[in-house]
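Next come two complexes, and both contain chain A; in the first it sits with chain B, in the second with chain C.
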Partner chain A sequence: MNQKDIKLFTPTTVVLLIVMAVGGLAAFYRLFFGLGASTHLNNAWPWGLWISFDVLGGVALAAGGFVIGGAVYILNWKKYEPIVRPAILNAFFGYALAATSITLDIGVPWRIWHPVIMWQVNSIMFIVAIHVVLYTTTLATESSPLILERLNMKKAVNFVEKIMPAIALFGVLLSLLHQSSLGAVFLIAPEKVSPLWYSSTLPYLFLVSAVLLALSMVSFETILSARVFRHKPPLDILRGLARGSLVVSGLYLLLKLKDLVTGPGVGLAFNGSLVSNMYLLEMIVGIILPFCLLLLKNVRTGVNGIFAVNMLVIIGTVLNRMNVGIVSMAEHNSRMGYDYFPSWMEFSVTMAMIAFAILGFKISVKYLNVLKLEH
Partner chain B sequence: MKGFIEDFGAEAGDALDRFARNGVSRRDFLKFCTGVALFLGLPGEMGARIAEAAAAAKRPPVLWLSAQECTGCTETLLRASHPTLEKLILELISLEYHETLLVGSGKQAEEWREKSMKENRGKYILVVDGSIPVKENGIYCKIGGKTALALLEEMGTQAAAVIAIGSCASWGGVPSADPNPTGATPVHEIFKSKGIKVPVVNIPGCPPNPYNFLSTVLYYLTFKKLPELDDQARPKFAYGRIIHDNCERRPHFDAGRFALQFGDDGHRKGYCLYKLGCKGPETHANCPIQLFNDVGSGAWPVGTGHPCFGCTEKGVGFTKPLHSPAVVKDLTPPSLFTEVYPGKEGVSPGVKSLATGVAGVAIGAAGAALISGLGKKGDDKEDKGE
Partner chain C sequence: MGMNRRDFLRTAAAGSGALLASGVSPAFASMPKELPTGAVGILYDATLCIGCKSCMVNCKKYNSEPGGALYLQGRTASYEVKPGAPFWDSAEDLSSRTVNVIKVNKSGTGLNKDSTDNGFSFIKQHCLHCITPACASVCPVGALKKNPVNGVVHYIENRCIGCRYCMMACPFNIPKYEYESATPQVRKCQLCYHRYDEGKYSACCEFCPTGASIFGKVLDLRKEASRRLTLKPGDEYDFPVQTVDSKQKSRRKVSKYIEHVYGLKEAGGTQYLLLAGVPFEWLGFNRNIKDQFLPDLTWAYIAKIPAVIAGVILAGTATWAVTRKRNKDKEG
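Right after this comes the complex of A and B.
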């Protein structure tokens, strides 16, 4: 299958376009009428679906960019070269969407550029903001050969590829800081966040889980595009990623258990409340099951087994971000007398973001040399 | 105790007669002295010794020097009222010189001061209110043609002890505020620079509580030594703790209930004034327990709804902006406070359905992934063949 065979107007594309249109209208409504009119956010719930799913989840899902970028451009692991472009492009989409969501989520969207000029170095939000800006720029640079190739600008491509290790190094540095600083954001609310998630190691947990998710997400995409474009999945790459997932999920499991035991104690996880059950679900789906399954050799060497584990890790880690962002504060905010269920506009904007990422990726694959398919 | 009072009655009869003529009964007088003893943290029977000292036939001479001051310290002293303190203090001590209270004036007053200093050399207590200007040899404050600086040096060297009353004399006060045009300097710094070894007690405040001054004087008269002082020469019984420690609004601070603007809901309800710039957390004084003017509870700045501005504390009063938050000493409050919504269990319905929905999607997707991924075996072998 080559790029020309990719059909642009399929029923799926139409559905995605409709979703994007609805979400786009909702986003405009939010810009003109404000957060109060368009969302169900309130004083106790200043952060809802957009932050928990779009930003926390989106940024975590974009971690593949720095993990694979670092492996290929810095560690020179040539084996993973075929997947570096889709991984970085995917990260670019993830960050662009996270940046869009933050813009919509802050009270005065047209002041989104303020942190870049007006530094408030004591604020964790400043760290997050400046990282988003810098890393999105870095990802755009890392992805630029795609466009430059298309425009036949050979010199520019050569230049970018020459400085790629430096850019990749910068990207890895920013990602290490940014992934963890998203966790650090929640350290400012010790009395709101449930002790099941609140821990001084939260930044490290965010980082480790982002790496785990990166491996799974890249593997997932590789298998998925192999199925969609009907070519054989590169099994050695998938097996390498699965071995990496095994190591990282083991480390992540250890860190999570250490936090549980040294923090609130095991009892809190099993007290049967909704919040505790959400914690258990996240632990089982996102960490324990993938780790145990990866221990089995026939699971971590077969495409179907790897695909299943990838799904579990993606679901579990996104669930973790939803838990930290929303569920962890549910009991405190309920005691304050506040409730939160996203409005249809919040849902539609989030869905439009996902649709945009899928469609954008598809268009990129068709017109740019992302997957290095035959022309 | 009983026997002592009888003896005491015989010895100090003259003084007590004198008090009685001024409307202070022997009983009132002993009660007052016992009260002073308790305020100083001394055992009750010390009251009798204080009474003995206070009623001694030869009253200790006190000279009062005023420099750059507003007479607030003198006024506050006249506000003490149990029992009618202005009478008592005039009888207790022999006030030899005080610009505001002098009967004589001009040359006569200055002559009396010099005579008294000569007679009581090394025995009198010197009280100073107001800061001493030192710029250009102290020309900014003169009394009888002499600068306050020269007078302090002259009177200070011959005194038994010096009590610097008020913030100006203790650490500089208002006159020392930036840019300090007169070079206003507190007493103890001048003593240090001139090498004068006479002990100095600081009673800061703008104005200070009269009882802090009175108790220090009585302690000195009784024990012939100064009360225990802190590193800034302030009596520990009065300045040993920060205002925040004994503030009546402290529970509001601990619970995170703050007035955010003058006249807002929290301000009307008497919430903590920390966020309005109350300097209680960094100011050493006994205002919340001693109060002012003997009119009962609430008679102090915070009690009336105004933040403490730190008048007793060097580097706080007249230095820091009135409404900027204080540096909280001894304990650092969390930037967010523990919740004040006890007793409600569980999760609101909206979040509950959101969480349940998310859980449902996660379980469904995970289940589907497991079944589709691990159930099939066909293409596995195909791939392994690669």
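Right after this comes the complex of A and C.
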């Protein structure tokens, strides 16, 4: 199967388009009638689904770009070269998602550019904003050969490929900083965030889990595209990624356990409250199960085992971001007398973002040489 | 890939120039930790408060004027009076229309004033004007600023992007957002700083009939607060009314205080000080608010950034050079 055989107008595409249309309408509604009319945010809950899923989750899901870019261009592990383009393109969509959602989420979207000129270096939010701007530019440069090739601009392609290691290093640097700074955002509120998640190591936890998620996400996509194009999945690449996941999930597990034991103590995790159960769910699905499964050699080396672990890590890490962004503050905020559950418009905008990313990726695969398929 | 080490370094350096520029000059970055020289504030004494809510009404009235915390062109003060409510203003909590609220906490029969035992106590909630404000430290665009002279933490509407990080960061949950509007603002008490030029001061203190809220220099307020803690319950004392240095006094019997001036140390200290006859936790203050400067927590992270930038560029370049050579050796 090759690029030309990818059908664009399938039933799935139609569903994706409908989801995008509904979300688009909700987004317009939000712009014209305000956050109160479209979301369930309130006096105690300044942030909700859009910040937790789209921004925290979206940026974490996009970590594949810097991890694989770093491996191929900085560590010169050329084995992973075949997956570097999809990883970077995927990152680009992750950031587009995060940036669009943050634009809708802030109360005054037409001032989104303010941080670029009104510096306030005490603010993690300022640091994040600058990084998102710089990194989206970096990702665009990294993906530019895709477009330039299509336009037959050989010289430009050569130039970009020549400076690619430097761009990749810049991307790695920015990603290290802002993956961790998204965790650092919550350092300011020790009196609100549940001790199950609050820790001075939050920035490192966000970084390590983003790397873990990156490996799983890239592996997941590699397997999926192998299925779509009916070619054999590149086993040695998948096995390499799985070995990496084993090491990183072990490290992540250690860090999380250390925080639990030295912080609130193990008891808090088992007190049966909804918040504690969400913590346990995240720990089991996202960290403990994947780590234990990866310890088994036949899981780590077979496509089906790897695929299962990937699913667990993706769900578990996104759950972690939702927990930090929403669940961790539930006890504090409900003491203030307010609850939060996203409105249907919040959900529909988020679903539209996901649909956009899937469809965008599909179109790119059809028209651009993302997977370096034979023509 | 035909890139040599010099090209590589050059591109990396050019690219990170913008980042390094943000490499944080300490003077630019520092959050003050000392009480400003001319710091003004409010002392609220819950034992003197009779719950008349005059402060709430007048807060709204005088802050709906230009420059006020609730000002919006074409809007007059909005008193959220409920039908049949026994008060002038019956807002129950802080909101984008209410930046000052009187609440009552009760237990049991609620008969004894300033007691947790079958008693009740009032509490007045508004911005504490922290000495090192978390809200101002997290604002990405500097839309919340602490005045270096009088210490008022005020809001600059036309900078604000509406990210609501200030709401997340404030340990006292003070800033509120106008979700109901398509062109929203953050609303919080600004210590009536728009009235200082005409020689006026906080409306909530000017219109407090008992002296429960008094305005003044923070140093004087601190002295007054600690003096009250030394008084003997049952003795008579001339409580100043409106301002701490007022000629007008209200002679009253001293109630029993708990040994705590709230705001001396909490969150690094605040310019709003409180006294009460019951524990502040009982009045709704979060017990997890520690005596610490909250912005230090995020600064500990931000301060590492320049070192990380330098480290990653150096280590990354070295790694690239070494691994590339190794690959070449292997091929060759």
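Quick note on the criterion: the second predicted complex is superposed on the first by the 375 of 375 C-alpha atoms of A that agree within 3 Å, B and C clash if a C-alpha of one lies under 4 Å from a C-alpha of the other, contacts with A are read in each partner's own complex, and residues count from 1 in each chain.
Here, a contact is a pair of C-beta atoms (placed from the backbone, for glycine too) under 8 Å apart; a residue touches a chain by one contact, two chains touch by 3 or more.
Predicted model only: the values in this text are computed from it and were never measured.
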| item | value |
| --- | --- |
| Simultaneous placement of chain C and chain B on chain A, clash or fit | clash |
| Which superposed partner A:24 touches (first chain B, second chain C, both, neither) | neither |
| First, second, both or neither for A:308, with chain B first and chain C second | first |
| Touched partner set for A:78, first chain B, second chain C, both or neither | second |
| Which of chain B and chain C A:263 touches, first, second, both or neither | neither |
| Which of chain B and chain C A:341 touches, first, second, both or neither | first |
| Which superposed partner A:108 touches (first chain B, second chain C, both, neither) | second |
| Chain B versus chain C as contact partner of A:191, first or second or both or neither | both |
| First, second, both or neither for A:250, with chain B first and chain C second | neither |
| Chain B versus chain C as contact partner of A:232, first or second or both or neither | first |
| Of chain C and chain B, partner touching more chain A residues | C |
| Superposed model, chain C segment overlapping chain B, candidates 207-215, 297-305 or 315-323 | 207-215 |
| Shared contact residues on chain A - chain B and chain C | 188-192, 332, 336-337 |
| List of chain C residues in touch with chain A within their complex | 1-3, 7-8, 11-12, 15-16, 18-19, 22, 24, 28-29, 31, 93-95, 134, 136-142, 159-165, 167-169, 171, 173, 176-184, 286, 288-290, 294-295, 297-302, 305, 308-309, 312-313, 316-317, 319-320, 323-324, 326-327 |
| Touching residues on chain A, where the partner in the complex is chain C | 31-37, 39, 41-44, 46-47, 70, 73-78, 105-108, 111-112, 114-115, 118-130, 134, 138, 161-167, 169-170, 172-174, 176-177, 180-181, 184-185, 187-192, 200, 203, 332, 336-337 |
| In the complex with chain A, residue positions of chain B that touch it | 334-339, 341-344, 346-356, 358-359, 362-363, 365-366, 368-370, 372-374, 376-377, 379-380, 383-384, 386 |
| Residue ranges of chain A in contact with chain B within the complex | 40, 188-192, 232-233, 235, 273-275, 277-278, 281, 285, 289, 293, 298-299, 301-305, 307-309, 311-312, 315-316, 319, 322, 326-327, 330-342 |
